[in-house]
Amino acid sequence: MELQKIEKFEIIGLIREAINEDMGGYGDITSRWLVSNKKNAAASVLCKQSDGAILSGLDILQYVFEEISSKISFDRIKKDGDFINDKEVVCRIAGPAASILAGERTALNFIQHMSGIATYTYRFVSVASKYNVKIADTRKTKPGLRRIEKYAVSCGGGFNHRFGLFDGVLIKDNHVIAAGGVKKAISAIRGKIPHGLKIEVEVKTFKELKEAITEQADIIMLDNMKTSEMKKAAEIIRNKAVSDCIIEASGGVTLESVEEICKSGVDIISAGCITHSAAAADFSLEFK
Amino acid sequence: MELQKIEKFEIIGLIREAINEDMGGYGDITSRWLVSNKKNAAASVLCKQSDGAILSGLDILQYVFEEISSKISFDRIKKDGDFINDKEVVCRIAGPAASILAGERTALNFIQHMSGIATYTYRFVSVASKYNVKIADTRKTKPGLRRIEKYAVSCGGGFNHRFGLFDGVLIKDNHVIAAGGVKKAISAIRGKIPHGLKIEVEVKTFKELKEAITEQADIIMLDNMKTSEMKKAAEIIRNKAVSDCIIEASGGVTLESVEEICKSGVDIISAGCITHSAAAADFSLEFK
Amino acid sequence: MELQKIEKFEIIGLIREAINEDMGGYGDITSRWLVSNKKNAAASVLCKQSDGAILSGLDILQYVFEEISSKISFDRIKKDGDFINDKEVVCRIAGPAASILAGERTALNFIQHMSGIATYTYRFVSVASKYNVKIADTRKTKPGLRRIEKYAVSCGGGFNHRFGLFDGVLIKDNHVIAAGGVKKAISAIRGKIPHGLKIEVEVKTFKELKEAITEQADIIMLDNMKTSEMKKAAEIIRNKAVSDCIIEASGGVTLESVEEICKSGVDIISAGCITHSAAAADFSLEFK
Amino acid sequence: MELQKIEKFEIIGLIREAINEDMGGYGDITSRWLVSNKKNAAASVLCKQSDGAILSGLDILQYVFEEISSKISFDRIKKDGDFINDKEVVCRIAGPAASILAGERTALNFIQHMSGIATYTYRFVSVASKYNVKIADTRKTKPGLRRIEKYAVSCGGGFNHRFGLFDGVLIKDNHVIAAGGVKKAISAIRGKIPHGLKIEVEVKTFKELKEAITEQADIIMLDNMKTSEMKKAAEIIRNKAVSDCIIEASGGVTLESVEEICKSGVDIISAGCITHSAAAADFSLEFK
Amino acid sequence: MELQKIEKFEIIGLIREAINEDMGGYGDITSRWLVSNKKNAAASVLCKQSDGAILSGLDILQYVFEEISSKISFDRIKKDGDFINDKEVVCRIAGPAASILAGERTALNFIQHMSGIATYTYRFVSVASKYNVKIADTRKTKPGLRRIEKYAVSCGGGFNHRFGLFDGVLIKDNHVIAAGGVKKAISAIRGKIPHGLKIEVEVKTFKELKEAITEQADIIMLDNMKTSEMKKAAEIIRNKAVSDCIIEASGGVTLESVEEICKSGVDIISAGCITHSAAAADFSLEFK
Amino acid sequence: MELQKIEKFEIIGLIREAINEDMGGYGDITSRWLVSNKKNAAASVLCKQSDGAILSGLDILQYVFEEISSKISFDRIKKDGDFINDKEVVCRIAGPAASILAGERTALNFIQHMSGIATYTYRFVSVASKYNVKIADTRKTKPGLRRIEKYAVSCGGGFNHRFGLFDGVLIKDNHVIAAGGVKKAISAIRGKIPHGLKIEVEVKTFKELKEAITEQADIIMLDNMKTSEMKKAAEIIRNKAVSDCIIEASGGVTLESVEEICKSGVDIISAGCITHSAAAADFSLEFK
């Protein structure tokens, strides 16, 4: 599947924020007297992860350097979604040495974080794809980074759930409490939400599951159920719910547990850990 | 040591960004018809981490809800830096149900990320403090989140290195290449940087180490050396360098390797992983 | 149906922009020397529309004055969604005269625009509700004003379609061209979009309609069809499509044509004119 | 008269706001999987208004697409201020199909709104120009859109009044009340306002008119007077006021009443409706 | 004359910018470990200028501390426009010691700069007021500080010229060159600029002066003329121009030359130096 | 010493703010009808300071015009740090006349302010360099302008002290009061501040000086001492303090007093007046 790139205008605010955070009002005081304005340099960006990584964020890396100087040229060798082996070069850059030094850390911070998520997602997807189950992300992302984290998930083969509160209806546990039960919650919003949206509801018990089926929820999320319960729930849904009801599993999914969940008959597994707990993938920029 | 709190005006921009990211231009479409504007609710924020966590971000959590509604009250039970056991409540909030639901995920995303870093840092500090060695952070942080990540490090007992390129001089490998060696690099900037700053230099070899000592670097960072090399380097520095030269170790530090490094005689160990690879600590908001 | 209010934090950016636009960098030069800082005044906001209006924007009016001065008090008499007769007072305000004068035009510009849309929408809804057909808005809004215009539509009893490109899938004519037909378009995105979203497709011909039915589009928009064609199309859909397929009519809907369209059997009528061509409703602020 | 174009830097903030409003944090989810990043397309922007329209906003249209992608080329056929017949093409664009689809609605929302105002203004000007009377705009504009709405007025041949509170002195009814009469109001500010500004005062009665004449107001606005009263007032001013006193009529001006007002002898007619109540002019973007 | 205060919403952006500039992303690292979060302090702001100063900026000082902490109380002793003797206290503040230390420099930078301008302006006004001549400011202000610098001018008794390019018409030397002479320039814009604005033109020669008179300029600026030429020019204008033509002198005005210029018969003297070259007035914040 | 240029991305926010301040929402109303969009012009920027000036801000001048129009070309003749004689041309620009007129004042306001600071600094440096003493700036800068003012100091040969509160530790008088003495203050922060920072302390008395020496402060600032006291203090420090302790003099430094201070044996003199009280250097833009 072709990846849909993040256009510069979508992300430039965050890039400026990140550069500013590192440069402050005063800039790079180490390079200032160390490197002449006129000195040029060439450098490579390469993977330093011994077990390799899925690349994510090469466009962002380029945007960072473009923002710092229009004189930096960029030669891509790999593309997002590629598996990169240890010591493999992903791109080469050339331009004013001081500008490359100024952008180095900010650019790497993007790529190491995004590739870390892509790589971790890829491990879940490698398991789940055998069962034709999708691995989806959640809203458990870092503040201000949801766009790039969700993109990184897609680089790793993952599937994007709703972006935020505004583009998908998901009745969660606290909504159920506030509304007075699953049944009341679904009936309260049916016909009022924009008609292009389905209704998803989170259920924790079989009682709630029955109400969700009766109220014809479009998507049922089995929340924090044991695998055996999920299996039973999936059977009930397949038998009684409307034909195209989607079953989603969620809650404490790990690399250890994901295969068992896949076997339970669900369509989609959403896992917060792929965005909130992925370790960074190590990338480095080296001057020649 | 007393923690220096993050004042609201320092962080409000990021908080607005995070809320906006989740709410979009359209707000919380699930709650809109589910919960009356007038309905109030009470909720608890509690730890869901089976092995507990160091709390970080309680102020931020409050700022998020304050930004969403001035009608939410806040009762704190724990404070940042506290160790929180599984299922322990850290604070209680009360106010309009729709507002609490609107802020829930954004607030939790802050606290789970910050507490994750604090908790992971705490594990390194627990080892290093026995040897009177400090654990310091690096600039390997997530884009736009450096302020809260560095604060989280301090909640876990860690020590803050320079914030960015603007508030500390650190001559790194690429600077050394650009300047033509350690000796040239140090002499190029001596007397030119603001006089309140020390000069730190990264050395990879004993040849570079000698130059750093000869040029009287204030801080010498041993980069990616083996523990045996670090030990030897530390001895050389203690014997030959200016009396108060600080020795910092860096490069691929892990929970497994940190104790050996502490024994090598360094003063400070800086570890990128405490900010770039900490897993989130699980916190949850539950309606009563 | 209870209206979901626009919270201040959602709209404060636009309010500041609007105030700044009127005040420039220099403020209100007429009042500066005309009215002492200490002079207080009381004023009423009232309807000046001879045939009355549906009120929309009273919260925004208050936010404008709050932003200008914390010393302005506010006494509401009517609420959004109410029908206001000519010369009826909707609220009273009191505070520093110079501050009220400074905010007057900006506040009125919000309320006259929003109430204009609410009032115009209400006329369509009055017709359509007899046929149990919903009147929906479109993305044909003024730049930067979509949030308040969609809210105004809801004040007039209208129904909100997707907010933007990000929260609903609608395959329009140019998408169909780009994808090579309705069939190809639907199959290209099925299974890839977030699973909480339905698939809506715009059809102009009966050939396209058939493809939409075959591909099991969740919502079919009949675009710019004659009423007789719509009637025929609706029948085909009711007979052949999946049971819960929603039928939407769109394209050049006017107050003159809306009743005929309602009779054709569609579920929803989306009308760009309710947001892009509503005349303002006249409101005035009068000093006592 | 040559139109003074709006430079990109003057309007780019609003353009970004408008794009962001439509794209959210997540972008165009319909096109994402429908159209390859590499697919190019050509399209025309054309008028769909059966009775034609005055074009306004072609620069803005281009700025929108430029902001979205640097790869979109632009071929202009018409220019702002031109009368465009139904189905006439105003420009052609070519570039990545996904980028054109992403910008389509935002770009059209600008041009349809601006051309609507230009067209409506033009109808008033067509009447008034026969009497050598100017049609001026007011501050009754949509929040945040004043710059483009005033420009649109000039495209339709209208005349721009002051932009905001900061660049022109206009003593209105509430100022008169706050100051204790027309006489007191004028004398309070004379000599204190920047000396490049004239003093304009709004009068509702012949008593106020006399005070305005006595106090030598530079501009007298006849507010909400009947045509017969205006005629009488104009005569009084011509006889007694300083020689170059400008007479402005305002208050509920409509296309029906404008010719009568022109005959009353005033110099300028300011009409809020040309900005606050103009219907959009229909423009469309069609793929080839 | 009562001063028109700068409201907080007009200036908060600059205040945040200034605080951020001093605090960076990392805050006040000296106070962080020196002063407990809970320690309170009381302090006085006092004048340290041996020859005294005109106070300007007390509101801004308060806004700065309010932005940093809501716990700081403020007791005003003097007000803007007052003459303050050396060592006189202008206000007292109390609150968290760390917050006062954090805001100290930023707050003082505002007040010392604004009071410097007010004091310098006051010296010109003291001379000119004897001749009933006004001292006006220009657009020669520091980038981003025009609002506060023009306000400071008014605190010193000075008169505000147009704020920027948008709120006053002033045909300057380069405009004259571009338009092909004074005559052509005036006639080109007459009737096109908003009717509330006068036409001011800069003349350097008697030839240009004649054209300005013939074209009935409302304001004539004598630019860089010798005092004897000004005197002659003023006489010509009084004799031949329209009765209320205002005469403005400009160009290299100094404290030494201002009295002679006053005697030449001009109405207004505009002096760039009062904003671009005023030395700061020394103010200090002292802890008790 | 090579000057480190200010990159565009570091300063573009301030440039936009300054342009916007001058243009408002409405632009340059004088040029609008005076100069055709198509008319081109050529102009020179030249020094009008009879005693010459040190140039500072040529990059910023160019950035201003680039922001206003991409059609303006720029030919540099001088560079920052050069001494410019009266009437010497520093650069030539060519492009649309209206764009040059729009940017003229904003561009000149930058260069006149920055060159004023550079020139004033240069006078101090000319004296101090004979004694091998550095002239340093302070945080007494104009709000929002610190970056360009500190750069201007370096253009004049001055030395940059810390940028703000975040990048250098300086224990000032109020800190000493809050901490309970110099000794307590230094010991409170030693070991807690980032290890790349030295500790500077301000002393007013010989008692405080002794504490500073005992606590091994890295930098001792002699605050507001008489020259004879400074001499004595410097001797004490040279004899007793750690070998590389830096001595800084501060407090009321003037061009008259600076030479005497240099003779007292200090290393660095920091002078607030070079940024807070420098008169502007006159530059002008002249059309050909």
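Chains here go by letter, A, B, C, D, E and F, matching the order in which they are written, and residues are numbered from 1 within each.
Note that contacts are C-beta pairs under 8 Å (C-beta built on N, C-alpha and C of every residue); 3 or more make two chains touch, one makes a residue touch a chain.
The model shown is predicted, which means the values in this text are computed figures rather than measured ones.
Think of each touching pair as a link: the shortest run of links from subunit E to subunit F has 1 of them. Common neighbours of subunit C and subunit E under the contact definition above: A, B, D, F.
Compared with subunit D, the chain whose C-alpha mean position is the greatest distance off is B.
Rotation angle relating subunit B to subunit D: 180°, from a CA superposition, given to the nearest 5. If you match contact pairs by residue number, over half of those in B-C turn up again in just one of E-F, C-E or B-D, and that pair is C-E. Separation between the centroids of subunit D and subunit E, computed from CA atoms only, is 33 Å. For this pair, subunit B with subunit E, the centres built from the Cα atoms lie 45 Å apart. Once the centre of each chain is set as its mean CA position, subunit C and subunit D turn out to be 22 Å apart. Subunit F has residues 1, 21, 23-27, 32-33, 146-147, 163-164, 166-167, 169-170, 192, 194, 197 in contact with two or more other chains.
Viewed as a contact network, the protein chains are fully connected, with every chain touching every other. Contacts from subunit B toward subunit C in the complex involve residues 16, 19, 23-27, 32-33, 36-37, 67-69, 99. Residues 14-15, 17-18, 21-35, 39, 41, 43, 97, 100-102, 104-106, 108-110, 112-113, 116, 139-148, 163-175, 177-179, 185, 188-189, 192-194, 197, 272-273, 276-277, 279-280, 285-287 of subunit D are the ones that touch subunit C when the two sit in their complex.
Considering their complex, residues 1-2, 4-5, 7, 9-10, 146-147, 150, 163-164, 166-167 of subunit C touch subunit B.
Of all residues in subunit E, only 1, 136, 159-163, 166-170, 192, 194-198, 200, 218-219, 246, 248, 267-268 touch subunit D in the complex they form.
By the touch criterion given at the top, residues 21, 24-25 of subunit E touch subunit A in their complex.
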